[in-house]
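Listed below are the structures to be examined.
In what follows, subunit A forms one complex with subunit B and a second complex with subunit C.
This part shows the complex of A and B:
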């Protein structure tokens, strides 16, 4: 794999175009928003915005949204991956393909069809739940401020759980069968096998999957914007949605300040990511 | 459940089997019910869509919604725009990504690690952070409201993962293949063109397809970089079936189906490569 005669210059030459493109598309915009936020106008906006209770509510919602959608996707994705490992499932490849569809569907389509399903009078969700007897009154999924964030997190779970299934499925397949055999000979039951063989084997992959899910959740925009545009009365507004609204209002200073908040969060995540890569090398 | 060895069939085994099937059924309903609603609603005549109680299947099947999507809406133009943007993105991403991916897989140079890291970290920057500056930059170079402008912005999404996918694919090809070609008298460039690229071909095609799909999905950048039908991509056009007070749900669902079908076909065709490329990239980190 290593080539001794290839010059370093050639290496730099080949990566230069990609590096330049990524620098122009990421570094330059980051410098632009940071400079803007650090200017006089930006500092003034930051002082009022970061202290306002409305902004704290947005941060809180972003936190709830992230925790709920990541936890949900991990549980459902891991469950699906485990089920597909079972020897009683025929054509696991076919099932895997079917379960992947929500991830392949564009976010704007996913949001649109869920919006229709959530419709309180015409949606099949309320109708089904009422027929089964789980609820008596139609639930206002997208117009009740105390429900809407969770209803939208369910859509995020729906679209990202397949990604977890894919990664964890690959990790589960990679566990050698002899390991289970050996543990069983030592007298381990199904819970023991799960606890001492399955879980440790998928831990690194679960960590990476969680990290990516957190990134997806923190950057999520389309599902919320298309379904509710952050409403009603801001009850589904998270950071990226608030930024977009400021952009639409032409309030560039606010855009820059919120972008900086997002950057700080992403930088913390990136640090975790770099560390996990280093740990993986050793 | 992850256990795979044989065990005597008994009451426990039947219980476990029922449990597995029940679990599969639950996930299948959760996954497919919303999609089934989309498909069936798209075939309902407009009078049937707002019936109470709602039904899943249309009583009367009609293609009227698809007709209106393709004849009276801006969707056909938007689909054309999306295809052009996607092809541009795939072409640019493959050109840049193959060059960088090859160097990262084959050539030892100082800073190669930092370069990979920088490219990979690019995908962690939230798109909304870049929104303001990308909007200004695309305007400044005169590409506002054009498909080229949207395509250039989409590179920020596709380049990191595709470069990484290609790097992994090339690293998986034995270096001896190039060496053999060079011993036979090829230059290094010829060795890459005639020995490496044909072997990497299917993987590269999948990577290009992946770039196309990501561009086809993208909403937030396209929503600010496009202002008219001239450059508006399909995801943006889809939201235009909804005006402030009224949503044409039949046409919206038909357009949603139209947007989804090519993706599902492409995914089925390329599933193997995409799954390998993604899990390889993500797990190796």
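This part shows the complex of A and C:
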């Protein structure tokens, strides 16, 4: 008993420096930001922002951006994980490595690559689509306000889908083969195997991946800033971009208020996630 | 158990080292005159390294160059100055110096000027740009503005004369829009670049910049927005204009996607090296001049050594060595690079028809609105008159009336 207590105490001692560092690096900034947002200036800014139609548009765009990029990454990442798990794919390790490249490379590099790919004059995408006859005129991927947000969300999907593939691939590997064998013996087809074995097996991991993807989406900045800086005419401006603009102008109160809005959205989604996990366990 | 104790001991030692290191770093005494930290933009780094080596040899003081980039420089400088953890010398855009001077975070270098560094040796506007309330907060070393750059073969083939007014420029752009290429392009992929194009046109049309603060007239603003946004909307300027910055516009010209544009002298040499037919002319109308300058933060650890180093950098020969366009000192401009035929149009533009860029921090706040106005007209969302009226309202609030 005494040995266990000593061991626990040593464990706490070992994690104490990390906990202290975490407190300094996360809790203190959060408290500072919330305090600033709750101050007189912060409240005035919040009232102006929340009543502004432009801010409502930014919130709407943030919602579209989040839904499209999360759904896209989940579908493509899960599809890739299933494909690499299949016995028909040769050298899965090689393909997994290649598929991981967008996740590994720095965000600025990825964004710059896609800025060039989307270019009206030189872009590989327009060139390819024109060559195969899908389009006649170059599409203004980054300068058409009705397209730009979706074009950039596609880049976010390209960047984050490998993360989903990695997580769900690991979850799929953990499903015992006997379970599929037994289901087959009971007459289950591919749709049945997928619905009653694969999906339940990856459900907790999918929930974690979704929460992480939402966090990535709500913090996404590099792709948009490098490609369009939030334009044209604000049509790709989402919360993190607006926050950065406020930072550039030295407007600390607006920075704090927008950061708090993001915090509330993230916390709400985390709550939904935790509750859904608890419901699943029960 | 023994190994656990070792791990615990190692962890404690590591924590003590980190904490001790942090305490030492944050409390080390200022005034280490054996080295000077110098922030240099990436395009000047090579020439800067040569000057630094020369200074090290002469003075025995080590120069630590830290590379900066155009995109990140303003935030980086602001953060450093606000935090008080600053380098000794910073190269910054001249028109931004007064933003820092307002906060008292840059040193007054007025006492450096005299017989070795005469104020009247600086090109008109350069010192005014970095001065406020009788103090001079930086030493400008480079001063330039844009002029017309065109492909003479394309103009000849289309039978187009070099435009001398903005109306002629628009007409020429229309005539040069043939064979899948566009007459011109604008850097509407970058807010700062786009806003300066707008401001040049607005000043040409009757707006003014007085003591660093622009006062915009609605008519000139409307015309400026119409020339830039309208040529994109009407198809005479490349649709890529909405995606590119100044460098991107040059690349469009280099790839013969456009026939003319307004750009800096530093664009000419790369175009010649690429084998593109290129000629220059004075721009149709006034352009905005700006430059780069050496500033010493108030909290510089080695302020005295920094001043000596700035004095070394500000000699005519060293000033000439570190400029891609024109040196800020007249006596530094004897070199063929600045007086030769390739530089003639830009030099004429700079000396006869340019005005210093706004140094009022309020202009920076208006730039996003200017940018949005140009883009909305380019995309056909609104017309130039309506965009100018909306911009005028914002300018009244931001700049304090027109």
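Convention: the second predicted complex is superposed on the first by the 258 of 282 C-alpha atoms of A that agree within 3 Å, B and C clash if a C-alpha of one lies under 4 Å from a C-alpha of the other, contacts with A are read in each partner's own complex, and residues count from 1 in each chain.
Just so we're on the same page, a residue touches a chain if its C-beta (ideal position, glycine included) is under 8 Å from a C-beta of that chain, and two chains touch if they have at least 3 such contacts.
None of the values given here were measured: they were computed from a predicted structure.
Touch criterion met: A:121 reaches subunit B and subunit C at once. Of the two partner chains placed by the overlay, subunit B and subunit C both lie in contact with A:14. For subunit A, the partner touching the most residues, choosing from subunit B and subunit C, is B.
In the superposition on chain A, contact of A:22 is made with subunit B only, not with subunit C.
Contact with subunit C, but none with subunit B, is seen for A:249 once the two complexes are overlaid on the shared chain. Of the two partner chains placed around the shared chain by superposition, neither subunit B nor subunit C is touched by A:48.
Of the two partner chains, subunit C is the only one that A:232 touches; subunit B does not reach it.
Of the two partner chains placed around the shared chain by superposition, neither subunit B nor subunit C is touched by A:35. By the touch criterion stated above, A:79 is placed in contact with subunit B alone, subunit C being left untouched.
In the superposition on chain A, the residues of subunit A contacted by subunit B and by subunit C overlap at 10, 14, 17, 121-122, 247.
On the side of subunit C, the complex with subunit A involves touching residues 4, 7-8, 11, 15, 74-75, 78, 188-191, 238-240, 242-243, 252, 255, 257, 364-365, 368, 371-372, 375-376, 378-379, 381. Those residues of subunit A that touch subunit B in the complex are listed here as 1-3, 6, 8, 10-12, 14-15, 17-19, 21-22, 24-26, 28-30, 32-33, 36, 76, 79-80, 82-83, 85-89, 95, 97-102, 104-110, 112-114, 116-117, 121-124, 127, 158, 162, 166-167, 170-172, 175, 177, 180-181, 184, 190, 193-194, 197-198, 204-205, 208-209, 212, 215, 218-219, 221-222, 225-226, 239-240, 243-244, 247, 252, 255-256, 258-259, 262-263, 266, 269-270, 273-274, 276-277, 280. By the touch rule above, subunit A contacts subunit C in their complex via residues 10, 13-14, 17, 115, 118-122, 138, 140, 142-143, 145, 228-229, 231-234, 245, 247-250. Looking at the complex, you find that subunit B touches subunit A at residues 1-5, 16-17, 20-21, 23-24, 27-28, 30-35, 37-38, 41, 49-54, 56, 96-97, 99-100, 102-110, 112, 115, 117-119, 121-137, 153, 155-156, 159-160, 163, 171, 175, 188, 213, 216-217, 219-220, 224, 235, 238-239, 249, 252-253, 256, 259-260, 263-264, 267-268, 271, 275, 278-279, 282-285.
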